[in-house]
Structure formats: C-alpha cells, structure tokens
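Letters A, B and C name the chains as they come in the text, with residue numbers starting at 1 for each one.
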Amino acid sequence: MSEIKNIIELKDICMEFDGEMVLDHLNLAIKDGEFVTLLGRSGCGKTTTLRIIAGFLNPVSGQVLFDSKEINGVPPYQRPVNTIFQRYALFPHYNVYENIAFGLRLRKVPEAEIKERVEEMLRFVNLQGFEKRSVTHLSGGQQQRVAIARAVINKPKVLLLDEPLSALDLQLRKDMQVELKNIQKKLGITFIYVTHDQEEALSMSDTVVVMNEGKVQQIGTPIEIYNEPQNAFVADFIGESNILDGVMPCDFTARFAGHDFDCLDKGFAPNEPVDVVVRPEDVDIVPVVRGMLKGEVTSVTFRGVHFEIIVDIDGFKWMIQTTDEHHVGDVVGLYIEPDAIHVMKKSQYSGKYGDYSSYSDELEQLSELTEDEEE
Amino acid sequence: MKQRRSYAQVLINAPYLLWAAIFILVPLFIVAYYAFTDASGAFTMANIKELANYKQTFWISIKYALIATAITFVIAYPFAYFMSKKSAAKQQMMMLLVMLPMWMNLLIRTYSWMNILERNGIINNLLGMMGLGPWKMIGTAGAVILGMVYNYLPYMILPIYTIMSKIDNSLLEAADDLGAHSFAKLRHIIWPLSLPGVISGIAMVFVPSISTFYISQKLGGGKIMLIGDTIERQIQTAYNYNLGAAISLVLMVFVLISMAVMNRFADDDGEGGGMIV
Amino acid sequence: MNKFFDRFLTAAVYVFLYAPLLVMVFFSFNEGRSTSVFTGFSLRWYAELFSSSDTITALKNTLVLALLSATIATVLGTMAAVGIDGMRNKWLNSAVMTTTNIPMMNPDIVTGVSLMLLFVFVGRLMGLATSLSFITLLIAHVTFNLPYVILNVMPKLRQVDRRLPEAAMDLGCTPRQAFFKVVLPSIRSGVLAAFLMAFTLSLDDFVISYYTNGSGFQTLPLMIFSMTKKTVKPDMYALSSVIFITILLLLILVNVLQARSERDAKGAK
C-alpha cells in the first residue's frame, strides 16, 4: 500500500481566549481522503481546532500546514477548504439556487457553467426542482443538503463539518449519517467532522480523534478507540466502563479488586500502579463457585436487548450488561476473560472515573441534555 | 361561555377602537374636508388650485429632505457598520451616546446651531480672532440641511445598526469560507441583509426633514420657506385653515405614498429571488 | 486604512453630535447676556430661572400634562394591546394595526394640524368661542403616545405563555383575575417602559402641542419656542440644561429597568 500524504497538519498549536488555554500544544496530522472525527465534550477545543483549519481563528502559536505548505494567516476565502456550519448559515436573502451558486459567482465562473454545476449539485443532493425555493422555508434535512451542495460545489480539498447534525431529530440524524458517509465516499475528499456524539463518531469515521481540555487523548480507528482506550478518560467517554485501581505484579498479571487476573498486557514496571478498564459487556455472571469475584446484585434495569445490572463487590459498583435476567439481592460470581482486561498507565484522569455507585438513568439523561445545549 | 368571551373582548377593545376612530381616522377626513371647502364650509377647488403657487416650496422641501437623507445615510451606514463590529460593551455605550442628544429638545439643539453659525456666532468669533470672516452661514441652504442632518442622524444610525448587529456572524463566516473578501461580503451579504434597516432609516429621516418648520425658520434666517413653514404660516398667522389643510393633505399623501413605495421596494428585494451579480 | 477611517468617522460623529450641546451647557454658565461671547462664570441664569414664576408654572404644566397623558395612554394602550392580541379576525387585526401606525408614519405637523382642525370643527358645531384648551392638548398627547405604548406592550404580551392564564383559570381564577394576577405581572416591565417612553415623548413634544394647545396653558417646549422668537439670553440654555439632565436620569432609569427585566427573563429560563 502506497504512503498516503498528509493533507492537513497541525503542529504544536496553542490557542487561548481571554487568557484561558483552549488548545494546549496540539499536534494532529490528517491524511488525504479520510473521514476524520474530532470527538469530545463541549469546550474540549474541537470546534476551535476546526475554525483554525478553516481560517476563522489564528492560533497564538504553532503551524497549520496544508499539503505541507504553511497556511497560517491565509484568510478563509483563499483556503481550499469549505465548512458546513452548525446551523447551516444559509443566506436568507437568496434562494436555493443562488445559495449554491454563491462561491462560483465570486470566482467569476461563466453563467452557463454555473447553471450546469448547480444543477449537477442539486441532483447530487437530491434537491431537483428546489432551485427557486426560499431557504427559510426548507426542512432541516433539506437545509442541510443545500449547505452541503453550497460547500461541495467549490470542489474543496477538505470539507469541515461543525456538528452538522445537531439540529436534526433522531431519525433524520441517523439517515443523514449514512448519507454523509456516502457523499464522502463518492467525492473522495477529506472530511473533518466535529461532534460530541460518540455513536456518531464511531459509526461514520475512518479515524477518531478524542479530545479533552485542549489536548488530543487518543487517535485511532473506531475499533481501536473502543477496544484499546489509552487512558481512563477515553475509556469513560467512549461507551461504558468499569475503571479500577490496580497494580501489575508482573507481565500478563493484573491485580485489582483483591484478586490476581491473567491479562494480555506487559511492559510495566514490577508492581506499577495502573488503571484497569473492563467493559460491562465483557463481564460474565456465573454461579458463585465459578466466579473470580463475588458480590450482590443491587440494581437491575431492562434495556431491551440486554439487562444492565449493578453488582456491589466490596463497595465497588460494577456495571454488567448481560442478556440473562438476575434479581436484586442475588449473590453472584463474576468471570472476566484475559482479553477483556485493559491495563493502562496512570494519567491525570485516574481516580476521576470509577464505579457506578451514583448511577441512575435520570442522571444520565440530564447530562445528555445539557451537553446538547452547549456550543 | 362563548358569548361571555366575546362580550369581554368587545369591552376591552371598545375604548381604543373608539379613540383610534375619533382621533386618528376622523381627523384625516376633516383635513380633506377643510381642503375642499372655503371658510363658509362650501365646496371649492380653490385651495387645491392655489397649491400651484407653492410648487417651488414643495420642490425645495423635497430637494433639501432628499439631500439631508442622503448625507445622513452616507455618515450613518459606515458608522453603524463599524459600531456593529465592536465589543458588546462598547456597542452599548456608543448606542447610548448616539441616542442621548435625541432627548434634548429639537428647538434647543437647533437654536444652539444658530448660535454657532450666526453672524456674531461662535465660528465667526473664532474666525475673527484669526482675522478672517465673518462668513454668512445662516440663511443658506447648507445651514438648513446641516440642521436636518444634525437633528435626524440618530434616526438613521439606530435602525441600520440594529439590523446589522442582528446579522448572524456565521453568515459572514460562511461567505468568507466560500471565497468572499471583505468588499464582496459587504456587497453580497451585509448590504442586502441590512436593506430593511436602511429603508426604515430613510423613512425616519425623510419624513421629519420634509415637514420641518423650526429648522428652516432658525437656520434659514427667514429666507428659506419649506412646506412646514407654509403650513405653519397659514394656520398660525394667516388663519387660513382651508389652505393649510390643503397643503397638509398633499404632504400627507406624498409621505404615505413614498413610504408605501419604499416598503414595496424592500419587500421585493427581501424575497430572495434576486441574482447576486 | 479601515481602522483609521473607523476611528476618524466615529470621533467626527460624536464631535458633531455633542458640539451644540456643549455650547449650550457652557453658555448657561455665562455671566453676561450673550450666548456666543463668554464673559465669566456665574450661576445667575439658573437662579433667575428658578425664581421666575413663568418657568415654574410651565414646568408644572409640562409635568402634569406628561403624567396625565402617559397614564391614560398606558392604561388605554395596554388594554388595546391585550384586545388586539386576542383578535381572531385577521382582517380586523391588520386594519387596527395600520390605523395605530398612522400617527407614527405621518409627519408630526400633519398629526397636529389634523387634530386641531377636528377640535376647531367640533368646537364650531357646538358653538364654542374657543375650541382649544388643556383638554384638547391632553387628547392630542394621548393620541400620539398610544402607538408607542401598544408597540412596547405587544411583544411582551406575545412572550407570555398562553398556558399561564389557562393554568390560572384552571386553578379557579375568573378571566379577569387571571389577567390581573398572571398576565399583567408578566408584562409589567413592558408596561412600565411604555409609560416612561410616553412620559418622555410628552415632555419633549413641541410640534403637536403647538397646534393643539389653548392659550393660557404653557408647556416648557412651547415656552422655549416663544423665547427663541426673540433674542435669547442664557436663561434658556440653563433651562435646557436642566431638562437635559432630567431626561438623562429618566433614560438611565429606563435602562436599569430594562436590564432588570432582561435578567428576570434569563433567570426564568
């Protein structure tokens, strides 16, 4: 396989607003033709990163490279990138046709060619016959398509998407996820996608960049990110995790919850303190005699496909997802396969996340709501 | 239940509807009545025919009001644009400082300009110290237009600024992103989106300018007669209510028609059908 | 270049706007009788002003007129806003709104003349010797204040949750109680702002008063008008400075109230 060149590189980028550090020595390389997602909570710096690439913001320090050439200070209107804005930013005083033609008009493209390309674009996004419609009277999904057409018609090398689906309802969002991925495949250009929705990130991207507090936490394929989280933050942010304090007495053995487990990890100093992550679906509930650990079921929630069961083991609340039904008060054993145990070095996030003692459905819904409102 | 509801509805609407009918609508008909009758109340076209003698006055009033409106626009548009780009706190402060002089009585503001411009006024005193002048400024068209621009400039700034500050910043970024440099942005995005503000600014400056009588009285030095002066003279000095009513009627019809035309113009452009080049 | 133009224009506009006001305040402290040659600092014109019974009467008249007309306009206008808001008939609604807008679109002089002609006409029908009086002046002020009150109250009224009065009635309020206990408190800030706006407009009005007042009732703007017909002494500037400061204080009050109501609105979210 030939080496794919980097289309965009960010080198040692720092950014601050009102003296507050938003991006902290950020480094990022994005390969040509990839679907890259910047994933993180609001305020993690993902939108700032996108706006630096678009040229709306200039970093305090660091380099922005496009095709290995520095583009710091190049104004947005001269960059070969286009943006899909969060609420589309369609021009209310122009109709669909004029919105899409906008970029070409500014480049003084001949009228006949504009007409041809706009029509091609309208076919591409499935909006034939909408030319004369006012953009303010379109549905959210249609506005989204106009925004895509308006950006893509300029043949950008990179398309930047700033939470483009956040204004849509759930069903439309799922459909648009598939459609966006298809559009990216057809065009073959780089998409840089910003979202706080981890499902969206995992299902659409070639590469996911998990960010927090202005720093990159992990870069990898969705599968790598999910299966091999590099620190407690990523483990907690992507999916559900039981995160425990442990030590590594020797290679291939992890000690946590008062028990030595076989595992696949090595290369730690003897007795080095570590974070141990176990995904809830990787824990098996077994009869007490066969269990490695023993505890009491304190909560059972039916989730449709599976049950979410909280098991208290010496005060640590484990979350377990299983298709078998258990009842509150049952005393059960837990069994964990060696490959389900993820050992990671202690980081600044150690101790911030852990068990599910404060777990409740309501709390989760509340925190999701507030996250949607931000940014 | 329905009956009681509509009863309450009538009760709450009646006082205002009555008031509006008697004191807003009826007076307009009374103006028309006076315009077409003579002092004894008999029908006549004499007042309307008499208007021919005031052609020059109408023409000058329209001309001065148009020039004043154009000048306020040329000052206000860039001013409002720059203001809308400043920090929120600064914008608020600047807006307050623009509005403040409006709350000073127009008579005084105008009189103060007379003090500055008159033969023994402040400018000529200063010029005199340098051995220049005196210049004659009061009684010129320039002084009258200056008075209009001064008094009504805030009315132009206010609506333009309000609408500019409401333009969503992401629209400007989108234009930027699609290849628009600053002039293209001004022409294709800011200008068409701010047009409704410009239209109402024009109305808010043009209407009082064309109907003023105090500004022309003080700064026109009694030599420049505008429509407002003519009405004032007919009503307050000559007691010729019928002629005064006829002139008022024409002024009103002219103003209402020009407003309607301008609103139509604004609507057409706001439809979103227009081409951008 | 842009930056330079920005600064230059901003500075020039403010100098232009404030120069005449500074001239006015400055010469109100003049010792001499001139309003263009400064001979020394003194407060004599202020002293003279407050000892002149004409000025005091005019001030009192202006305040009484403003207070009365603003109160009537606020009550009538708030009722009207509620009524218009509840109108189901679209045609009637737009007809009423168009009528309401007429005094704002028409030149003041036309509004003044048209009201005057109405009063004269009615007065003649009734065989009165003088048709213009304090009452006609008050009617005129209420009339030009009404549209501003309605336009201030309407948006607030639209913001009120339709379910609020329904909830109140569900809990046992009569429609009238629901209005006074629930709706009115929610639009309070708009009503107050409308009142203050009407008050200041009335204080400041000259043109319409000039055509509709009866002899013997002098307001401050009318007094200023007659003063400026002759050569003016600095006492007029002293008077103007006092008015200016008063309006400034009122304006600050309105701003504080608006800021507070905005904060309340935010807090309610």
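Side notes on the structure shown:
The rule we apply is simple: contacts are C-beta pairs under 8 Å (C-beta built on N, C-alpha and C of every residue); 3 or more make two chains touch, one makes a residue touch a chain.
Bear in mind that the values here come from a model prediction, so they are computed numbers and not experimental data.
Highest inter-chain contact count (C-beta pairs) belongs to B-C. Ranked by distance of CA centroids from chain B, the top chain is A. Spacing of chain A relative to chain C, judged by their CA centroids, is 57 angstrom.
As a whole-number value, the distance joining the C-alpha centres of chain B and chain C reads 18 Å. Under the contact definition stated at the top, not a single residue of chain B touches 2 or more other chains.
On chain C, the positions that touch chain B within their shared complex are 5-6, 9-10, 13-14, 16-21, 23-24, 27, 35-37, 76-77, 79-80, 82-84, 86-87, 96, 99-100, 102-103, 105-111, 113-118, 120-121, 139, 142-143, 146, 175-176, 200, 204, 206-207, 210-211, 221, 224-225, 228, 232, 236-237, 240, 243-244, 247-248, 251, 255.
Considering their complex, residues 54-56, 75-78, 81-83, 85-87, 89-95, 98, 101-103, 105-107, 132, 134-136, 150-151, 154 of chain A touch chain B. Residues 5, 8-9, 12-13, 15-17, 19-21, 23-28, 30-31, 33-34, 75, 78-79, 82-83, 94, 96-101, 103-109, 111-113, 115-116, 118, 120-122, 125, 150, 153-154, 203, 207-208, 210-211, 213-214, 218, 228, 231-232, 235-236, 241, 244-245, 248, 251-252, 255-256, 259 of chain B are the ones that touch chain C when the two sit in their complex. Residues 168, 170-171, 173-181, 184, 188-189, 192-193, 269-277 of chain B touch chain A in their complex.
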